[in-house]
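Okay, so chain A shows up in both of these, paired with chain B first and chain C after.
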Partner chain A sequence: MEDFEPKIVAFLCNWCAYAGADLAGVSRLQYPSNIRTVRVMCSGRVDPLFIIKALKQGADGILTAG
Partner chain B sequence: MDLAGIGKERLHLAWVSSAEAQRFVEVVSQATASVKAQGEFDPSAFTMQLEAAEKTLSGETLRWLVGKEVKTTTTGDVYGRKWDTDSFETVLDSVLEREYHKNLIFSAIKDGDSNVRAIHAKIGLPLQTISYLLADLEKTGMAEFRGMHDCIPEFAAL
Partner chain C sequence: MISPKLVEVGRHTNINLITNSEIENIEGEPGDFDVTLVNRPRYIDPVKCTGCGECARHCPVTAVNYYNMNLDDRRATYIEYAQAVPLAFAIDTDTCIGCGLCENMCIAKAIDYDDKERTSKLKAGSVILSAGSRGFDPSSLDYLGYGKFPNVVTSEEFERILSASGPYFGHLMRPLDREEPKKIAWLQCVGSRDKNRSGNGYCSSVCCMYAVKEAMISKEHAHGDLDCAIFNMDIRTFGKDYEKYYLRAKDKDGVRFVKARIHTITEVPETGDLSVWYVDETGATQEETFNMVVLSIGLQIQPKTVELAQRLRIELNEYNFTSAAPFAPVKTSRPGIYTCGVLQGPKDIPSSITEASAAACLAGADLAEARGADIQKITVPDEIDISGQEPRIGVFVCNCGINIGGIVDVPAVREYAATLPNVTFTDDNLFTCSQDTQDKIKEVIIEHKLNRVVVASCSPKTHEQMFMETLEACGINKYLFEMANIRNQNSWIHSKTPEIATQKAKDLVRMSVARAAVLNTLKEKIVPINKQALIIGGGIAGMNAALGLGKQGFDVVLVEKDTQLGGFARQLHHTIEGEDIGAYIEKLIADVEADNKIRVLKNTRIVGFEGFKGNFATEVIVDGSDDKEKIKHGVIIVATGASEYKPEEYSYGEDKRIVTQVELGHRLEEQGASDLDSVVMIQCVGSRNDENENCSRICCQNAVKNALDIKRLNPDAQVYILYRDIRTYGLLEDYYTKARELGVIFIRFDQAAPPEVQASDDGVLVRIKDHILQQDVDIRADLLTLSAGMVAEDTDELSGIMKLNRNPEGFFIEAHVKLRPVDMPSDGIFLCGSAHAPKLISETIAQAQAAASRATTFLARDEIKLSAITAKVDTDYCVKCLTCVRSCPFEVPVFNTHEKVIEINEAICHGCGVCTAVCPRETIQLSFYEDDQITSKIDALLAGGM
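After this line comes the complex of A and B, so read on.
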């Protein structure tokens, strides 16, 4: 499993983590390209059902950041 | 996640402020490394579990309870008793487990396992728990008794 690249669905809060990710980009900080970002207006918007749906559709992991 | 056998390690939760680019990088790297170590997730091996989890989370029982949490722990329940958060969470956890098991049994019946022993072989819950929860599924109109077959009661999902 040396070259296994996981697919991680990331639910990012518009005001916190998404802005943090944006800043990471602007500051040219490198981070793994395994995350597939879904921007939400608040991390409270993330319904547990989203997580089940992501897993159903082939995500290997979930990251919720606010 | 643990209840469904998926493992909560696949789910990561973190707080990152908009000014913390370095922290975001750390969080993402850590989550990626953790999921990489756990290997690929195969949803087809968890079809029944995911379906049961989905039904449980969108079911009204759990949503009612979650909606009542703040009121029950701050102003009190209908009898005026105030609950502490821990005891409320305990109730929530046991309801979650029960609803999940009911939905898992429902999925098994839908899959063609029509008697208690076949359901037990498929999902591994104790026989007594299955017959107990089956009675509840019948009451809520999710399953029905279809008659005896070789002295074994058979059920069908509705």
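After this line comes the complex of A and C, so read on.
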């Protein structure tokens, strides 16, 4: 497990969390690369089925931020 | 926070941004000014510069970074800050050694060492001066040790210290040894309220709030306990809801507030700590040691601004603010030239923004006839029908100079993109956003018959709109576009691991290509705008807003519930400056009634309301008629006002010698003050207490105004003002000073120990504990005046009908406290006057003009395009479970009981997609974010193994 690199799908709200992720870039903060972002207009758009679908297809974690 | 505004200004087709320039002269008259500008050389062509930063990275010269208040350094080739607009570098020739490295490095060929100072001319119909201010320089105040002791900093320096983009990257540290302080003191009124030493008699209005804010943020940034003490004479948190913030700092976060003005600061040589010497309220000398001291410096108009005003023949007052008349707050002494912000007088961000819109209103009114004459119009070609076509995707991978290309292997990403399904064209660009690349993309779209475009570059938050416009210009529907964010969310955050960043870029491109393939053409609904405005409330706010719109050429219906116009201001006689309010209102009413653009409906109630931005319909009943009248209008301005609180404290209503400030105003007007030997005033009645936490903003100046009147009418009368903090902010401070000079006695009391009041045959007896004497003082008063706060008008019915949000105190809520102080959260609805929060007449007028200006931005358009990102119901499959109706945060889905279907009005849908996610039948889809447009990304990501 030491080399385990989780695959994380991140659903980010356009107005806050996605903007925050952009700002992290502007501020050149360095963080692990395990996240792939899916932009949504509101975290309320995230259907539980999206989460199940991602996990079923092999994602190790889901981050929903908004 | 201001970054989106900067971008909006930078991109606006009708704003010509001329930076690094100064006005030499303005000749001519309103409507026809000739402006002469001096354009200073920046040595880097802002049109060519892409902001990549290569020049600065290679510049060998170190220069002091003024932007970070000299706390760190930058290069001689520099940009002030990352979000600057225009995003173009400049060369500081004071430090540049002319080595030529930047010229060699610049791929865009933007460097021009031979750039010269030029003069240029432009024509203008109106002018707005918003030259602003800087912080007061405390170097001359030697007792504070600024410039001598490294750990004494100004509040401006401290702001940079706290900033993530500041010299210490947001870590709380003190300059001397970069140690984290455990105790910080803020000293208020440095360069404010101090005529003797700084020459500035005014209050800077903002320092109390920013000191509280800095203390709160410091506590957040600190590791472990941080002791924050704010040394002040009065805490002036007079803005809307500011008092609540102050109370949170004081009662919940443990910020200490000490009533004292500092005598001397000395340094403890061994530690660099600072000994702060002061006299406490009992008169005893105190000394306390802090690790760091922040000087809350005031706002100061710069000498260069004074010179500018002189060149333009604009009068300034003794403190160099534009001397505005109270009833014309944003006018200068020169017709056609307006002003806003701190140049007008000390003020905070919301007030500055309000005034900016007010100035735009007046400047626009002068030019109303010529509106639209010089604007740049964008014409788009007819849309190409792509229905039935297989997806043909073009992928453009951006190097962003070296921002992406220096880390991510861009050619590899492009080659990888070419292998993905439906991709028919790929390219990589140095700067995908540059004008020449945009033109190239247009050619490629047409040549290769592309019907979908993916750009892998920076963030859609900043660039999506621009690329969508490029598509539109080629006749491709703008919603057939997708971005992969491989800079902000990839190369910048994985700059140490290029291989991983390249792999991630490939994943992101694969996801975007998959989504692009399933995007659909969307149509943006166009709705016409009704060009009439409805203004609710016929007081000073409503009337000024109506006149503002009338002058801009728009029809207005002004609705007043009373039988006459004027509102609460009818109760007032003159302003603290001595201007006649009654005469002003009479003139205002005459102007409103004479304006054929304005239809006044008095004695009118609003009984029904429907519609959305640009297309509202309001039902009214005029004069108790049996018939409702339906008014159609495109915008609403809410100006329902406020009135004086009727006190329940201090035996008010039981004795005719106990009156409110408004009643005292009437009495002084009618009877004078010759029979008054002694008048006591009590502040904060109905404000700053458990029932109403807020400060009512106007009562301190009201008390001072009436006290000065009494002294004018009867110099022998004794006036006592019992207060908690005197909040004569801005230029009002001069009147407070004058009152003290004339012998008005100010006695401070604690909220916990309020004055005791007893009516007797001999007068009203008031007992108060004097802080300096440390004992009870008895005062006999002929008249006790209560400074009753302001309460919002009763708008229960109105806010229910029109669904307008109010705060617990009944004041209407603006869209954003700082940045949108005149807009309400729903589009097309604006707010002004004391319906928003208590304020002075001058502030009310400015906000009313601002509301008219904001409304004009709507009414000047013939139609509006609605976003196509809205939810749609498939009524055939909908089972009317009403889950969407219950879940929508904006109450958009409604059940049409007549048709028996769920309806979602796309004009008011915010496009969040909550209804889409919760619909158990999956019969609602959010356009542009349909289920498969999201799951395609998940599938593509995980199928590729990530």
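By our rule, the second predicted complex is superposed on the first by the 66 of 66 C-alpha atoms of A that agree within 3 Å, B and C clash if a C-alpha of one lies under 4 Å from a C-alpha of the other, contacts with A are read in each partner's own complex, and residues count from 1 in each chain.
Definition applied: contacts are C-beta pairs under 8 Å (C-beta built on N, C-alpha and C of every residue); 3 or more make two chains touch, one makes a residue touch a chain.
The model shown is predicted, which means the values in this text are computed figures rather than measured ones.
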{"item": "Which of chain B and chain C A:4 touches, first, second, both or neither", "value": "first"}
{"item": "Which superposed partner A:42 touches (first chain B, second chain C, both, neither)", "value": "second"}
{"item": "Partner chain in contact with A:52 - chain B first, chain C second, else both or neither", "value": "first"}
{"item": "Which of chain B and chain C A:19 touches, first, second, both or neither", "value": "both"}
{"item": "Chain B versus chain C as contact partner of A:61, first or second or both or neither", "value": "first"}
{"item": "Which superposed partner A:27 touches (first chain B, second chain C, both, neither)", "value": "both"}
{"item": "On chain A, the residue positions that both chain B and chain C contact, one per complex", "value": "18-19, 21-24, 26-27, 29-31, 47-48, 53, 57-59"}
{"item": "Chain C contact footprint on chain A (complex, rising order)", "value": "7, 9, 14, 18-19, 21-31, 33, 36-42, 44-48, 50, 53-54, 57-59"}
{"item": "Residue ranges of chain C touching chain A (in the complex, touch as defined)", "value": "82-83, 164-165, 459-462, 485, 487-490, 492-497, 500-501, 504, 507-508, 511, 869, 887, 889, 911-914, 916-918, 926, 929, 931, 934-935, 937-939, 941-943, 946"}
{"item": "Chain A-touching residues of chain B, taken from the complex the two chains share", "value": "6, 10-25, 27-29, 31-32, 34-36, 38-41, 43, 46, 50, 53-54, 57-58"}
{"item": "Contact set on chain A toward chain B in their complex", "value": "1, 4-6, 8, 10, 15-24, 26-27, 29-32, 34-35, 47-49, 51-53, 55-66"}
